[in-house]
Amino acid sequence: MSKKRKEVVASIPDAAAKIKDGMTIAVGGFGADNHPMAFVRELIRNGRKDLTVIASATAGLEIDLLIGAGCVKKLIAPYVGQEMYCPIGHNLRKYAESGQIEIWECSEYILYAGLFAAAAGQEFFAWRGGVGTSIVELNKDLVEFTDPIGKTKKVIAVPPLRSDWTIIHVGWADAYGNGQHLGARFGDRWLARAADRIMIQAERIVPNSVIRKNPFMTTIAYADCVIEAPYGGHPYAAHGFYKEDVEFIQDYVRCSEANRKGDEATWRDYLKRHVHAPNDHYAYLETVGIKKLLDLYTHPIVSW
Amino acid sequence: MSKKRKEVVASIPDAAAKIKDGMTIAVGGFGADNHPMAFVRELIRNGRKDLTVIASATAGLEIDLLIGAGCVKKLIAPYVGQEMYCPIGHNLRKYAESGQIEIWECSEYILYAGLFAAAAGQEFFAWRGGVGTSIVELNKDLVEFTDPIGKTKKVIAVPPLRSDWTIIHVGWADAYGNGQHLGARFGDRWLARAADRIMIQAERIVPNSVIRKNPFMTTIAYADCVIEAPYGGHPYAAHGFYKEDVEFIQDYVRCSEANRKGDEATWRDYLKRHVHAPNDHYAYLETVGIKKLLDLYTHPIVSW
Amino acid sequence: MADYSWKELMAIVFAREIKDSDKITSGAHTEIFFAATMLAQKTHAPNMKLQLGGGVTLCNVVDVDVEELPKTSTGYELIRYAESVHDHPDTYLFYGAPGGARYYKEESDLREVNHFWFADKFFVGGIQADKWGNTNMIGLGKPGKFTFRGPGTIGINDIAVGVRDTYVFLTAHDKRRLVEKVDFISHPGKKICRDNEFYGGGPKWIVTPKCIFDFDPDTLEARLAMLFPGVTLADVRANTGFEVKTAKKVETVAPPKREELDALRTLVDKTGVLRH
Amino acid sequence: MADYSWKELMAIVFAREIKDSDKITSGAHTEIFFAATMLAQKTHAPNMKLQLGGGVTLCNVVDVDVEELPKTSTGYELIRYAESVHDHPDTYLFYGAPGGARYYKEESDLREVNHFWFADKFFVGGIQADKWGNTNMIGLGKPGKFTFRGPGTIGINDIAVGVRDTYVFLTAHDKRRLVEKVDFISHPGKKICRDNEFYGGGPKWIVTPKCIFDFDPDTLEARLAMLFPGVTLADVRANTGFEVKTAKKVETVAPPKREELDALRTLVDKTGVLRH
């Protein structure tokens, strides 16, 4: 008598086709970890443009890549760089300094405040951080007002930040859209909660019974679409599976720096080698090589 | 060369002695589950009075017991009752209807909003829920103002709610104050974050290595004091260990109802039997009986 | 005499209301609404998203055996049905509807969004309800002087801001409970929700043991819409503290069908929690 | 030539600043501040509470072997040192000091509170800093026209509201970085913090490869407090874009002691990440 549950698994191309020019997308991960790179590369292959991109609170070069590939019109991000590998994203600099992208100036918690307002269905979120800085001057969507109780201190009203789609890389997910991080969650849950629709890129799709073993570890419930992409975070780390590919990242930094300095050929060649020439995710992995991929192994730390 | 870490374990009497008359305490758990009852009973034995009590978002009869024992001056709670066993706490009714306790009228999220403001160090938290109800009329600490961005909708500014001590019952904790729930966390983490100092009542104290197996399951980090109280949640359930003792709760409901209806002797007898006569936690458990305690067993559901 | 209990009837009536695309959070009266929602998942709404209880267990029981209907909304055993568990305050982080205001339009494409948010339907109790659908859990009397202290508002006011439809549920039908004007408002009715520009529509129904009221879409006042089997309009009028207006056509709620009762008793309530 | 690197010196200088009762969150320049904080836990501050990185791992390494100093602040291996891990936004839920304003008084009994909150100390970077301790991570130029786009403010403005002391850390000392007035403020200096009634005190130090500035308690202006070994006052003046005032007594930072270097190299940085 019982009907069957709907499965939401899609291929990477079918999933990426859901993103249209002009949409607002949020991209999960943090620093050098847990970015949905297979999906990001497919967006670039599709020639997406005019995207508004909500980045993680400490975005890495996944956002710099989207900028450099011409996909981004407006960026909502408190940081784009890669720590010691690359303190400031080179494409961020190139596009911001030439006025080719608009930046919605914010800080980590002003970002979260906007996501919170959206997730909680509120008109705004009141937050003190940012008072006394240039952020309010640079971002006209933020409105300063006075604490209505104490009547003296200044507070910032942050409007809701909502994405059409939020894309999150997780360790594993089931076919119904339940995802579990196997390591740090960073800000992924908040990016997801502010989404109209949620896309999971999973290292692996697992049976629902695996998820139910410890439902406290479920970080994304009922995503709207799930894709399976083993090594889908490369060249970045995926917690619980592999570490970042340092040489690959250094090559990215070199090519993007060349682009900033006017050597567009080097950058175009980078995009060709690592995005356009390999026509799907597995072809991309071939360009990395099996031994290199396997050498990135990290042993499990968390047990459950 | 390295110095040793400080351990924060205390006996139940030593821990309870930290609570002084007039303090604000927050009490964890939810409904019929995970209340720090051994600690609550010790507070009553100590004759604590004039406490301001921040209850969980759906408080059970642990709060009703504190009220009926004369410990409470002011109550911050959106609900006190026990679902089908007792829709409204009888001592809550007795004391509220006679004006013997002050109630800080709130709802679940107005409570959380105040805890959030305290935890995040903000002057207030802005929230729409409660607009159009009697709550703002009944609670003069809440201030209605107009959304500073859209300029039309009404919003409530909720001031910080901070406790001197928050007491949380967890499954296990280590000697350094790291606690892990083995089941639902309810609002415990928010009650703890708004605390000046955190008290953990643990079913069991475990080695630090048990905590480190899955640090994502740590719900309270570095409490200021840890007590061990096996069956310390009785007569309520402790997730991962035992279920609630229905007959015992029904006896409580009967005696507290008698108190509300003017039969104070029955209520005094209840307090004598279950709080004052047994002079410590283990003497209390003797009054329940070993077989009864063991019959409350629940098998584990969550694996890690 | 009917071969079903009143609680069974309620569970089946509410199960019928549930759509496959709904996102639902259970509120008061655990045993009835847990049964209604689990029954819907096991029969016609396998993709309905369901938050059970304050432990914020997101549950799907389509392929899981429900050994015994839960009696409290907070028990450890709920985790057996869960695919995801959250802190209770997190439930309010799920409030914002996908698309914001757009979600609330009839036939919005966003209804089909898969991910959980809070919520299309919520079931609320009350010690009083009035003709506007305002309900009261706070107490009777005046500010500063309760003649009767209620259990408290719980989170119903918070929920009213965003939930599409609430269902007010009273366990008895008399003039003390159904009044012209509630002493205190804990859950605002449809008019207050509209005046304050909430996305949430306020109560869709007031359900009592005798009947179901819905609301006039223009005046936003309660009107008798359905009678439970064996109840008359006169009976409702005699026991209601406000003037009972009626919908164009007052229907009688269809009694449980054999297969509905069978499904309830074999799939969800094997031990007969609702029967007694 | 000194037998230690500049990064090793920095790690040791900051480790000395750390008290056993401190609650610390690491910020910029992972490898130096991870080393400083882990070293402090392993030597004189075993109870210091430590949040490492955006994964919000609350770490204690007193009894844990640090195989290799982490090079990024977000890596999976940090979980090996963790007793508790949180979502990144949760870090801002730990902001409210126990006791509120009372915490910030010198000798407050609340300093000894055990539970983590955010935080006594935070290490911040910058592309510019001025004499007020305002720092800039946003960029150079004017609103609407960046001549140089910085990485962004990260969360330093959020942190400034409540953290007792920030430590501004610049990787080079020249007139482009140390300026009369920053182009944009991402981290407000002490004066702005006081004017806005923040609990947080703003920067305690500005640290460069040449020296350490602290702040005049009355004027809240930066003043030279310590020189690193081998650096002269004239050298600092020649390379600073604002007039260099000095503390009553300008000291020279004590070079690392043998046992400090040994502890750093054997307990925290076995593979020599900071040495090269």
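A few notes on this one:
When the chains are written out, they are named A, B, C and D in that same order, and each has its own residue count from 1.
Here is the rule we go by: a residue touches a chain if its C-beta (ideal position, glycine included) is under 8 Å from a C-beta of that chain, and two chains touch if they have at least 3 such contacts.
Since the structure is predicted, the reported quantities are computational estimates derived from the model, not experimental observations.
Note on connectivity: the fewest steps through touching chains from chain A to chain B is 1. In whole angstrom, the spacing between the mean C-alpha positions of chain A and chain C is 38. With centres set at the average Cα position, the gap from chain A to chain D is 28 Å.
Across the assembly, chain A contributes residues 116, 121-122, 127-128, 153, 215-216, 302 that each touch 2 or more other chains. Taken residue by residue, chain D touches two or more other chains at 57, 79, 85, 92, 161, whereas all remaining positions touch fewer. Of all possible chain pairings, those that touch are A-B, A-C, A-D, B-C, B-D.
Contacts from chain A toward chain B in the complex involve residues 121-128, 143, 145, 147-150, 153, 155, 157, 159, 213-217, 302-304. Chain D meets chain B in the complex at residues 42-44, 46-47, 49, 57-58, 60, 62-63, 79, 82-85, 92-100, 110, 113-116, 161-162, 199, 263, 267. Against chain C, the residues of chain B that register as touching in their complex are 30-33, 57-58, 77-81, 83-84, 87-89, 92-93, 96-97, 99, 103, 105-110, 112, 115-116, 127-135, 137-138, 152-154, 183-190, 237, 239-240, 243-244, 298, 301-302. Put simply, chain D touches chain A in their complex at residues 30-31, 53-57, 71-80, 85, 87-89, 92, 137-139, 143, 145-161, 184-188, 192-193, 195-198.
The part of chain B that touches chain D in the complex is made up of residues 1-6, 8, 116-122, 160, 162, 174, 176-178, 192-198, 208, 211-212, 215-216, 218, 220-224.
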